[in-house]
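Structure provided below as structure tokens; questions to follow.
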Amino acid sequence: MNTYNPITALLIFLAISVFAYLLFRPYKGWYWLIKTNSKSNGKIVVEDILKLLYHSENANKHLNLNDIIRTLKTNDTLIVDSINKMAAHELIFMEGDAVKLTKSGSDYALRIVRAHRLWEKFLAEKTGFDRAEWHERAERKEHELTKDETDILASKLGNPQFDPHGDPIPTNTGKIAKIKGTALSELTVDTIGRIIHIKDKPDIIYKQILAEKIHIGSLIRVVDKTASRIVFHSEGESFVLAPIIAGNITVSILEKDVVVEENLARLSILKEGETAKIIGISKEIRGESRRRLLDLGFVKGADVRLDLLNPLGEPNAFLIKGTSIALRNNQASKILIKKV
Amino acid sequence: MEVKAKSACETCSHFNAEGLKRLGVNTTEVDFVVALAGNPNTGKSTVFNALTGLRQHTGNWPGKTVTRAEGAFEYNKEKYKLVDLPGTYSLLSTSEDEEVARNFILFGKPDVTVIVVDASRLERNLNLVLQILEITDRAVLCLNLMDEAERNHIEIDTRTLARYLGIPVVPTSARYDKGIPELIQTISEVANGKIICKPHRIKNIPKNIENAVQKLSLEIKKEYPEIANSRWIAFRLLEGDEHIIELLRTGEFV
Amino acid sequence: MKNKNIEHIISLSNDLRWQIGDEFHDNLAEGIYADAAEIVKDSVHKTDEKNKLRLDARIDKIITSKIWGFPIMFLILALVLWLTIIGANYPSSMLAGLLLDTVHPALKAFASSIGMPWWLDGFLIDGVYLAVAWVIAVMLPPMAIFFPLFTLLEDFGYLPRVAFNLDHLFKLSGAHGKQALTMSMGFGCNAAGVVATRIIDSPRERLIAIITNNFSLCNGRWPTQILIATIFVGAVVPNSFSSIASLSAVIGIAILGIFFMFLVSWALSKTVLKGEVSTFNLELPPYRPPRFWKTIYTSLIDRTIIVLWRAIVFAAPAGAVIWLISNVYLGDQSMAAWLISSLDGFGFLLGLNGVILVAYIVAIPANEIVIPTILMLTVLVTGIDGGAGAGVMFELDSVSATGDVLRAGGWTLLTAINLMLFSLLHNPCSTTIYTIYKETKSVKWTVVASILPVIMGFIVTFLVAQIWRLFI
């Protein structure tokens, strides 16, 4: 205790804190890096290459070695090694300078795609992660799930057909449903349709679509279209998109006699004492939250009144089917109403 | 006033006051099992206490009873075990309380299910009632908090209600012990098969779902002819309820 | 054969589910409510439509108003706490007089009259009995006041309005408004607070409420805070201000606890709990006049007695351990003295001392016995006069005499402040830990809830100690 000095003690403490931060900070902490590295890195690269080849072959593009190296951001020797290994295991073969999948290679790739999409579905339905995180988490998880685990996951989720982006999930026998739809950018004015797919790549465009609060399952009606923009209504709001972005959204066209409610508003705009009729809940609310709202009586046709304003702005209480229920603004703003 | 109402009923021809013994937590060797279901905040625990003579805490707060409580009473020399299920708004979701309630009504095979509802919020409460009636055909509707409904000038035509639902309806104010004798009498009549229920089935379902439900329910009946609630099983299968699928495979619930 | 048919049914249901699409649940819920509306239309009649301004609505207008909502809330909370702390004083000292000053000597006399060996007598009467008696004397009266008051508010229907008023603040830290109530319940007893989190039906927010409940200063810790603040904080200001100064110090600690609760809630919701499902719903039930005596009775049976019983079960072995470590010798030193000297260095770093750390280790079962243990151990290691013998916990009648013993143990204002901080920020008592495990059924979250506060306690007291020594 002779050497004790408050400043030394504080400095030692600071050093330990910095070290702990470097070790455990999210994702980039040394501890996490070592943990992920210890898992076979080779396997991940192999599976990433398989996936890349699978998606390009689906789009009728053929990649050569250079394309692969350019697309995957891993070191080159690792990729070349992996390609050699994959050829030896007959997962791929060369045709000219194009790398192609064999039957067993494409089966393998399909399994990874299945794991990825199922995991995204799982994240969407059963966890509270933000949807901007789904893709990245699934990118990591797809390498960890075994075939049996994937099958168990699928049956837990009720063997879903589509992932939350609307992409089909391959079955365990490798069957894959077709998406029948038209790109939003191709629709003509006054077309009514339902959004069935939003491409999650490229990342920049996907994030932009997410920011616009456009979601799978919602009904849309195209109201205006020019060379530089496409305007459509959905869930009571108006959206303006550039064709390049609209091209990433797929819509299934509906018969004309489907009534798309116009002049919708959101429950959050109701003023004290005002009454409205509920038209529906936005497709943005899903899983447990959606079921809970329905159970509480926020169903199509129900009358709702703003019962009580909160002294802090939210949550406000709404009188629905005889009971006062408080909702936060992020919930109320996703319940579609028509004022009466 | 309360006392008068009570005594008036104890002299009526149906209820046999001497035959009632509240047994508290002594639930051994029972003749009938009675489940108590209902929305949160409908005075379900008060009804439970009134029937068993227990004093479970009853908060004015949704979701008080999370684990199920049990008690018993004896009426006309027959012992009834009473199981207080967690209060839920619905049986369709995946939360823990709903699972407890759903599984007990479906697999615990209660002889009678008493559904406690708030008389002044009947419409909201019927959501749960209609779901339960898909599962079981031996139920009693306990129209509780009648005092509050009266205060709010709400009149309920219990006969019309009973006709619609196909089960007996008993108005009560459990806080003031009103209507409890009639409730006990009705429970015993349903338990002994003196009252046969013809429960309401949900009608306002889109055609494509109704067709799917009928198709499935037919297949289930083929496999398990003795099953009473094939429609509900079909609903759960369409929902993708893992638990039901598992039990269907093992055939345990029959 | 049978199996094949079952698989056929399951795959049929999969196909049908695909055909119906994800609208199934919506359609079913709408269908059921449509049926309900039809039934209600024919069987329910509202005779008085004009009676819109119900009494409920009028009460709600006031207690959720911008002007009155918060003052009413704080007033009620302050009143409940004040009634609890002040009201418990008298019965507490009466119980202490009975159990500690009358029954304990009587038991000792009886033991010696039947010739019980000294170690059995010490182990059972000085160890086990004394700890249990202490917990009852300190814990029972405040809980018997606090829980019924809280339950009355609950039965009336006021508590959901508190959750309603405060939800926005809790939302900012990723928590649920109902946490305001579990937190307030924690002011009575953390174990009861943890049980109360059942009212939060969203998994993520419920875990947050469970893990942070310990930051509510509980019943077992209020007396420690008040005693230490009176002795040390009250002494640094002129006499006329001393009670105000010590009172503000205690309130300051409680508010600091609320601050840490928000901070940790926020951090948890952004990191480890990010993936848990989060939903929100809050029903505002109608007001119902509570049935006074029934409520008092059930809350005593349901909450007070159960929590007290759990505390006793845990306190009894703690008493035994306290007696044992002070009376079992390793070489020429008792185990307690040996532990204290080995923890003294670490204690000094935290601005505390070995005695305090040892007291907190052996008193994990109940915060109530921390002060008696500290006094006993201080007398044991300093060898000053006082106390009732090795391993026999005691408390002194006068506050100044307690202060004298502690000062003789080397206590300064820094020790006092850090003890108050450490009393706020340390692991929950074992009753609470056990309750957390029962509620979460998860070892992981129980460990997090137990370790996290004590690490924060180490860091905070350490920093305070160094900065104090640098500048004062």
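We call the chains A, B and C, going by the order they appear; numbering starts again at 1 in every chain.
Criterion: a residue touches a chain if its C-beta (ideal position, glycine included) is under 8 Å from a C-beta of that chain, and two chains touch if they have at least 3 such contacts.
Treat the numbers as computed from the prediction; the structure is a model and nothing was measured.
Colleague: Work out the mean Cα position per chain and let me know which chain is farthest from subunit B.
Modeller: Chain A.
Colleague: Per-chain C-alpha centres versus the global one: which chain is nearest?
Modeller: Chain closest to the assembly's C-alpha mean: C.
Colleague: Just give me the whole-number Å value for how far the CA centre of subunit A lies from that of subunit B.
Modeller: 41
Colleague: Counting in whole Å, what is the centre-to-centre distance of subunit B and subunit C, each centre being its mean C-alpha position?
Modeller: Whole-Å distance between the two chain centres: 37.
Colleague: Please list all residues of subunit B that touch 2 or more other chains.
Modeller: Within subunit B, the residues that touch at least two other chains are 90, 92, 95, 123-124, 127, 239-240, 245.
Colleague: Check each residue of subunit C and list the ones that touch at least two other chains.
Modeller: In subunit C, the residues touching two or more other chains are 17, 25, 29-30, 33-34, 37, 283, 285.
Colleague: Can you list every residue of subunit A that touches 2 or more other chains, as numbers and ranges?
Modeller: 158-159, 288, 291-292, 294-297, 321, 323
Colleague: Under the stated contact criterion, what part of subunit A meets subunit B in this complex?
Modeller: Within the complex, subunit A contacts subunit B at residues 155-159, 288, 291-292, 294-297, 320-323.
Colleague: Which subunit C residues qualify as touching subunit B in the complex?
Modeller: 2-3, 5-6, 8-10, 12-13, 16-17, 19-20, 24-25, 27-40, 42-48, 51, 54, 151, 154-157, 159-160, 198-199, 201, 283, 285-288, 290-291, 294, 297-299, 301-303
Colleague: Considering only the defined contacts, which subunit B positions touch subunit C in the complex?
Modeller: 40-41, 55-64, 66, 90, 92, 95, 97, 122-124, 126-127, 130-131, 148, 152-158, 160-161, 164-165, 175, 200, 202-206, 208-209, 212, 215-216, 219-220, 222-223, 234-235, 237-240, 245, 248-249, 251
Colleague: For subunit A, which residues count as touching subunit C in their complex?
Modeller: It is residues 1, 4, 6-7, 9-10, 13, 26, 123, 126-129, 158-159, 161, 217, 280-281, 287-297, 299-302, 307-315, 317, 321, 323-328, 331 of subunit A that touch subunit C.
Colleague: Write out the stretch or stretches of subunit C touching subunit A in their complex.
Modeller: 14, 17-18, 22, 25-26, 29-30, 33-34, 37, 57, 60-61, 64-66, 69-70, 164-169, 171, 177, 204, 271, 274-285, 345, 348-349, 462-463, 465-467, 469-470
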